[in-house]
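The structures come next, written out as structure tokens.
Look for subunit A in each of the two complexes below; its partner is subunit B in the first and subunit C in the second.
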Partner chain A sequence: MIRVSDGKIGGREFFAIIYSMMAIRITNSTPNLLLDSGITAAWMMPLLSAAFLLGPLLLLLPLLKKHNIGLVDLLYKLTGNAFGRLITLALFVAIFSSTSLNGRNYADIVTTMYYPETSVLLIMVVLILGASFYIAHRGLEAVSRTALLVVPVFMLTSVFLIISVASQLNYYYVFPIAGSGAGTILKDSVAYSAFYGDIILIGILYAYVRSHGAFRKAALWGLWVPAFKMAVFLAVYVMMFDYPAVQNIAFPYHHLTRMAMIGTVANHVEAVFLALWFIGASLHFAIYLYLSAFLLGKVINYREFEYLILPLAGIAVVLGMIPDNHLQGEQWRKLLLEVSSGLFLLLPVLLWVLDRFRKKAKP
Partner chain B sequence: MSDFLKRLFSGDSAEDRSALNQVPNDPFSDRLEDNVKQLEDLFLYPANDALKSRALSIPSINRRARVLFIAGAADTEKINDHIIRPLLASQPAEEGKEPSVDDIKDNTLTITGSETIADFREAVRRLINGSTVILIDGEKNAIAADTAGFEKRSVSEPTREIVIKGPNNAFVEATDVNQSLIRRQLKDHRLVSETVTVGKESPQNVSVLYLDNIVDKTLVQNVKDRIARVDKDAVLTLSALEELIEERPYSLFPSIMTTERPDRTSSFLLEGHVVLLMDNSPEALIAPITFWSLFHTAEDQFLRWAYGNFARIMRLIALFTALLVPAIYLAVITFHPEMIPTDLLLAIAGTRERVPFPSLMELLLMEITFEILREAGVRVPTPLGTTIGIVGALILGQAAVQANLVSPLLVVVIAITGLSSFALPDLGLSVMVRILRFGFILAAFLLGFIGIALAFAALLAYAASIKSFGVPFFSPLSPHMPSSRDLFLRPISRKQNLRPQSLSPQESKRTEQEGGAGS
Partner chain C sequence: MRRIGWKLGIVLAALFLSGCGERLELEMQAFVVAIGLDKAEKENLIEVTFQISNPQVNTSQAAEAQKEPPADIVTITAPDLLSAKEMAQSSLPRKITFSHLETILIGEELARDKLFKHIIGSAIIDPEMRREAMMIVTKEPAKDFIKNNNPTMETRPHKYYEFIRQNWKHTGYVPLSNLNTFYQRTDHELFLAVYATAQRDPEEHENDDTYLAGQVPQSSGDPVQMMGSAILRNGQMIGTLDGEETRLSQLLRRKNLIEAMTASFPDPANEEYRISVVFNRSENSKIRVNTDRSPAKVEVMVPMKMRINSNLSLEDYTRNEERQKRLVKAVEERLEKKSDELVMKLQEEYGGEPFVWYAATRKNFWTMKQFEDYGWSEHFTEADVDIDFEIEIESFGEQIRPPSLKQGGK
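The block that comes next holds the complex of A and B.
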């Protein structure tokens, strides 16, 4: 049945956007941060982080429904122009710096694991200024449809990867089950909940989604599915490499793909996973670039924010070249995560309180 | 000066140049000789002998008349049997009860599709379309009778979209025949056929067909607007029209397709597409199209579920093979040799050893040779066809390997790729894949699998972003919409429950709240 598109984003496409923003984190050096603090219980932390974020998300959803505007407009409406602008700027800084740092992280992975003779700059340029810029430049609708086309493939590949290493896993390695202790795990889960902060952030796209029901469904599924995937993979890393070796592996996902075998003929299929991973990466950064441009456009009151994508992509590449090596970038990432976790956890609470307060003040 | 500028920018000067508009829009006079003389002048009579006329006198009104038609456009037997014979055989009427022009048209002529006309421009338009014009002395109206009799061939079998099982008739160059072929399939009173004209100097009729109860009305309007915007002197075939109403003429991705099968056209109509038909074109233009229109064939639905889906899976593999295999070969050879099992790797290295060129050169050499071979194959006269096969297979395959120009594995890669591109059903899709393949080869040469991945992501984003007449290229897969799920695979016929009536064109839209209670 042929139907002319109405330019809105449906629930499935929106879920695909959230999934490509969050689920790919399992492949970069995010797991290292979690494994460092959670040790053998690291797999619980994504689930706990997601649970902590569920509260703010559930506060935010009725607010969005009530006012029927995007998160940024809601900020301006409830906190006033000056504060709204300031918080939007903070959101922009949080996601743009993470775009840049993560971009560098991906380029480091490629030059370390696959192409040792290629320069980091070249990878950064083709990834962020090349493919990601182009995808973001085609617009949000294109991004969402592309995401929906590839996300099912990524889900299948994840399952496929786990199946292909299943015979090499040792299930006893996940014990002791509490890892570094319940207290530490709870505390660090809150600190690292910015991994799923995207779920709050995508509220800025509320006005582009077809209906509130679609948004709500996509946001809830988009929270638990990537969290579940992350939990499974963290458990697999521990079962594969064992503690403490797993803490010393720089990029566990890429080591895992090296271990994957299909029968006896194809025992080196990591290049296939590399290609699929990079398709995901280009999409991931495309979404981040688009959101950065959107937020910056709101901050400086520039309506045609699509024109900001190219300069932002260029700046992201330049900023990404600042860290001398990936270990330095890692420290900065950790700092950024802890700061932005607070932002994402508290922002919906702030908005909710303001909304209540204003309602009481008005009549 | 200002007058000149006004004319320069007003844009209606083109309107004045149109050939039919140059014909004076004068009404007929009541003198027969004047009318005949005027028409003969318009058709450059003594020099141009196309305009034929026959003088006669009609007994019923006892007046002289002229029957005019264009040789080659009108059917003379029809004119003899249904116009001249009834006119001559009419009985003289009583005094004061002479029939009017309308009476003659309705009660004397034995031909359907006659109308009275009153001016020369209309008369010329009718004549060139094969009608016969009857001028009667003392009347300011004339009769135009539909006697079109252009030569046409009979309905034959399709040549491009061949099926083993299923109906086997194809469109011909006559619109009325094509319409009858469609109406024979689709017996629905809501099948609308609108006629619009295209081309200024020699206007051609284009029939716009759609099912009124299914089609999205904005779509029909969009198609008609695009046809109206065509600014050309003459558009002779649908293929020319295709490019003129396309949204992205430079894009590799087609936004319109043609089919020569009436059954396929009918199924497109049932899905809510708009179909364009035109005289002189043995095909129908389908708009809008999606990826699935290019990927599916008519036979998928005729074969049983398993057989049809098996063919589709093979075609999907062929699509990816044709697009990616040379690039993957290059990437594996130059960047990821660890992927190849050791024994095979040694064998490849052994055969590559004697080839002096880098892999990219070797690959491009073979690819270009194959493309030339294919281009030559289309143009070679049929008796020489087998020669091309021998030249291609033996000399280029065997000898190139023996001369150490290419490695044997590469010949296999190119052969599989070439074969796969023949398995793609649509010409547009096939050519697009062949061109894109070179882009992927370049990407693989620069960055191996990463290059292929990034190029593929960009290609996918482009394909997902384009729309054909407002319909996204991958819909209803992405964006997801309710559909009969006839996408990569098809469900069994019983489950393809397409109920267009239950689909409102607008899905539950967000209702804008008024005010907002809390602010």
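The block that comes next holds the complex of A and C.
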């Protein structure tokens, strides 16, 4: 077993990692996907997605405890070498393509909203090859400590942002309560549950977490806290911009920070949010790069997987530059989401069934 | 040591040089504080007026710029705002930026034109445009308004607009209308924009708030008056509301943005005189829309608090509960009557409502599609509207009873 660093990580650090993987999704174009399908009821969808994922997560937790190995090793053990390798490859493709597509999305936000004259390539290079690679390169312990350091700040600033726009909100705008209808909402919540699928994926780090109790607690909190944050922000977007205008805004979070005001004097506070958001984004991609490298290392049986982070970061930048604009990437992203939602929802069920079956077969 | 120094150099360079990427020096920027949009003579072209603030005036650097005016005004004829921004650059050495743009003025002629919704709809696509900018419709072309607006005390134009906006919250004569609310009400809902003019055309009314901009009897000072509102429907101006109607239309919303307002009423104790009161609102109005019946029924309850800070008739209100009750009843009845008239006018002439009642109506529906199929704006034109003001007297000012001048005169 490869030891990334000397010590294992604790529950709080692990929660911080999960939080920085998932919570930042409120700031990219994820809300646009949800608002398009849920309209005024989009805020329910993250909660429903999280509820759908809770079942698979609760199936996975005892399995991890029983075998006391990470998700990838569990896959190899239960599904056999070839199948395990294939599923690990699928996981790698899901997470790595989302890294590069999302990376492009973030670069587009920066060029559209803040730095119109900087090239997308430069921002991709600085964000992924620069900041994120550097953080990921330091190893899991450094990543988790960084996360623990900044996550409380993100949580506080989110609350602060909502307070500073509260006076401009009208809660009537979230009606009609069912938005596009209960059927559509349920269906799309399943399809988009990959937004919280990370909670299954981080099972691969099981062996690095100090105890099962810490893992379980962090995973459960890491599922509902980001989902709840997403729900609150989606509701705030609707209450701020109202339907149908909210569906037309490309990056609602960044418009929200522009609308935020502290008293009457400071009404250009978006720079503060931009700086913090950029730190959050680098951390987010650092974790994704690290996990991609970890999975790829398992697939190709390369133990020193940390050497893979740099080439992967480079490939992520190159792949991210392929779409001409961020809306072209959006279609790919939607497809990727639906496929990986299925993967994350069904994988724990498959493992659980296999575990049962083997126990009976081997008396 | 040498190797560390090299790494340190990179880190420091990244730290200090990264800001150079898209740097913009303060003195290289032209801060637009107000934009005026007008119809040009040629079809489908607009005249865009930029009011550019001079950041050196009235600051510690003023000594260096003593002869510079506080603002520069440039008018450009162009197909849209974005190209006008670029074309203005042909005469301006500084780079135009909208980051402090707070006010968009629209000439009434353009606002009434079909072209307007295309202009304003495409303006927001520019990421530099901020959704909190205020929208003002001017009676004359916006470029004349900007030119004629010469406030004596607020020489710096951004302060002028900022202060005047603060002021609106305490009068309610004009709606608080920013671009964000404009884009919220792009369907059949009515959007109210501030109505302003720099041309005086004074009239004298008995009521203190039934004026439209320009009519307020004022004889000196800055010619600009902002009063009443322009009604926009589907991004096109279709009419105006005077100060009183604008106030009422804000009171009838669930969430009132007016902090306080003063209005005068005929005194029930002595019809010869009027009594001026200050209204405060602490609670939200209650709006109930019944869409199950046809025609739909709207019930609105507006709670308000009233302070009697002026009393022309010098009748004693403070110790006479009977009179207080009569006053409250008279005020309530008058407000209800005026509101009914306003609703009637909107139903018949404009076929929509600016009261955000559509949001309350949405509560009655399960899905957005059902609400859209219902067609609120058509149902509103026939709806029964029941408006109820509930007023409490909060204070009587700083006199226990009016000065006893009246008795002395007898």
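Going forward, the second predicted complex is superposed on the first by the 357 of 363 C-alpha atoms of A that agree within 3 Å, B and C clash if a C-alpha of one lies under 4 Å from a C-alpha of the other, contacts with A are read in each partner's own complex, and residues count from 1 in each chain.
Please note the rule applied: a contact is a pair of C-beta atoms (placed from the backbone, for glycine too) under 8 Å apart; a residue touches a chain by one contact, two chains touch by 3 or more.
For clarity, every value in this text was computed on a predicted model and none was experimentally measured.
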Joint occupancy of subunit A by subunit B and subunit C, clash or fit: clash
Partner chain in contact with A:Tyr172 - subunit B first, subunit C second, else both or neither: second
Which superposed partner A:Ala286 touches (first subunit B, second subunit C, both, neither): first
Subunit B versus subunit C as contact partner of A:Tyr115, first or second or both or neither: both
Comparing the two partners subunit B and subunit C, which touches a greater set of residues in subunit A: B
Partner chain in contact with A:Ala245 - subunit B first, subunit C second, else both or neither: second
First (subunit B), second (subunit C), both or neither touched by A:His268: both
Which superposed partner A:Arg358 touches (first subunit B, second subunit C, both, neither): first
Subunit B versus subunit C as contact partner of A:Glu330, first or second or both or neither: neither
Listed stretches 163-171, 217-225 or 433-441 of subunit B, narrowed to the one that overlaps subunit C: 433-441
Subunit C-contacting residues of subunit A that also contact subunit B: 115, 118, 126, 130, 268
Subunit A to subunit C touching residues, read off their complex: 39-40, 112-113, 115-118, 122, 126, 130, 168, 170, 172-173, 175-181, 240-245, 248, 255, 258-259, 261, 264, 267-268
Subunit A residues within the subunit B interface of the complex: 1-6, 8-13, 66-68, 77-78, 110, 114-115, 118, 123, 126-127, 130-131, 134-135, 138-139, 141-146, 148-150, 210-212, 265-266, 268-269, 271-272, 274-279, 282-283, 286, 355, 358-359, 362
Of subunit B, residues touching subunit A in the complex: 214-216, 218-219, 271-273, 288, 290, 331-332, 335-336, 338-339, 341, 447-458, 460-462, 464-465, 467, 469-472, 474-484, 498, 500, 503, 505-510, 512-513, 516-519
In the complex, subunit C residues that touch subunit A: 14, 18, 21-22, 99, 127, 130-132, 162, 166, 180, 183-184, 186-187, 254-255, 356, 359-360, 362-363, 365-371
